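Labels run A, B, C and D following the written order; every chain starts at residue 1.
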């Protein structure tokens, strides 16, 4: 691992870690007043189920992205400026995740469920574009790729990254019709990312 | 210490550190207006005692978990994907701590004290489950354990981790009857964790 | 790279990373109520366009500053106390960026657009002063500069840093006349910073 | 520098960095409405002067504490559990700084100025106690001190740490009589900390 990627990884790890932690700020309940009882508090806490679901899903997503980020950076031989900026694009969209999460959490149980789900899936559509740009920066003409990485490995990764924007785009369209169906399609891709990690048949980062 | 655990530790340290720091965001007082006097501000500050108590307790808890996390990771010979995801589960629950802390702080002095204490203790019940999963990932069939760690050490740690979910479960039940009693039982376990650290009779991490 | 700069870089990276991530907290939409529909949510999300623009611009700015910070620290042979405090001044202004960003985002579409743009540009005027102080701490009488850095490189960097406060000052004045023109001038400087990086014709940090 | 202090320093650096960055969240202005004009926004921004003053002062304080923390940890030969917990106590009080800062910022210009200044100074009284505990953990019977550190150096540092709680205590009392006088006394101690750094006549950390 070159010196350059260490710096890049440390900075990216910090941003991933903070994005993970800020997700919890989304949980809000009313301040208690004289009439607040145990039963009322339980009701308020139970009413947070969409927040809890969004928190767990987004946490898992950022965690999976963190692991994939390391898989990707492990391919890198040297860091140049385009790579720094492409990596910044990925970090931009990663730090944005708490906002669509909050929107989804607050609207999933309302009449605006479709719009919030489409917005959530749409965010991941843009996220997948920034990842594609980062991948392109690394593997285009093998510019920044370590010599020992095979073309077969690169092809496998590239194909997965190609599918992602298409599936996320479909999940946006599906969300407009049915929020839960769109979210399910969006979530199904995370299984692909997890498999991509396991499929690499290499020691983890 | 292997390269793999360094990365894992740095990322986890970041998440622990941020979770610690976000706890302070819970402190809130009303904006001043024309009638705000010294006496009124002192009253507002004194009324924050449940926030202060929850802040100190939760800070201590996250600090103890941070120290225990290192104790645990020191056993690790190599990092694999199940371990990364199990560690992610621990981080998920650690970052969640500020929310039950806030709920407890705001409701401990109200008629909803029992529910808030049970929710707080229940959070630690789930936290202890994620730690058990992390421990299992490490020591099951000594998969990821360093060769020099003795079976006696593993047995001692495993027994402590087995007791935790049971005691936290009891503290939830106790909280429903009496908030303070439940919290006291919950807090008593932290002493066990501190002793676990000291009991390891090894140089600290 | 000396031991001293590693510590300084790690701390600064942390502050940059957190400043980047806090930018997302600026996104706020009303809580849903019984009348919230998909159309209303889309409207609320579209109304966030100034927030999104400010988020993307500020994110890019902090990212560019992060890269420039490393360019600058790469010149450093040893760290002394004036350098630590000058670096602290840069971090102070970097962490302040989320606030003018929020002000700009909320007021760009209102009658207070000029004031918000002038405040935003004015922030960068002060930021450029702290950068100039940091540069002076490093290169004054080549006090902390590595011996292999040529005087020509130092002159090139110093000239760019000299232009910055002047241009930012002009952008404040321009903002008072026309918000968008001022912001455009302010943004044009970022291109200079990017070019400064590329122009260094060295391996990136 | 031993392995143990590296871990401790990295974790502490993270907490210091986040505490620094969270200070900016204190800046709040009203949302714009139809009547918001440039003049109104300028007025709102100017009305933030106590926030800005508190932000700059607290930022400087946390920065000085960060530098002093490294001065202190540089004395350390090995890290043991009491030291980890004493360090945790310091971090607890450091992360608390944003709250008294916010209270001071909002009340300095009101009739509650004395109470807010006394609360601010009182926080630093407790902070100085946690630093004294950390110092005691390190130098008591030279338990964790590097052999090359002279007794004269330890005596010089101990004396400064002994004065701090007394002066901060006086500044609380003074604040109750006059807010600005108390804050001035509190701030004067920071000059002592800065001199302590410079007085060490050693290469910076």
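Here is the rule we use: contacts are C-beta pairs under 8 Å (C-beta built on N, C-alpha and C of every residue); 3 or more make two chains touch, one makes a residue touch a chain.
All values derive from a computational prediction rather than experimental measurement.
Number of steps on the shortest path from subunit A to subunit D, with steps defined by chain touch: 2. Seen as a C-alpha superposition, subunit C sits on subunit D after a turn of 90°, to the nearest 5.
Comparing the CA-atom centres of all chains against that of subunit A, the greatest distance is found for D.
Homomeric contact subunit A/subunit C is classed as different-residue, with under half of its interface positions used by both copies. Between subunit B and subunit D, the centres computed from C-alpha atoms are 26 Å apart. Centres computed as Cα averages put subunit B at a distance of 36 Å from subunit C. In subunit D, 10, 14, 18, 22, 25 are the positions where the chain touches two or more neighbouring chains simultaneously. All chain pairs in contact, by the document's touch criterion: A-B, A-C, B-D, C-D. Residue ranges of subunit D in contact with subunit C, taken from their complex: 9-10, 13-14, 16-18, 20-25, 27, 29, 31-32, 36-42, 45, 55-56, 59-60, 63, 66-67, 70, 197-198, 203-205. For subunit C in complex with subunit D, the residues that touch the partner chain are 4, 7, 10-11, 14-15, 18-19, 22, 25, 78-81, 84-85, 88, 91-92, 95-96, 98-99, 102-103, 106-107, 110-116, 119.
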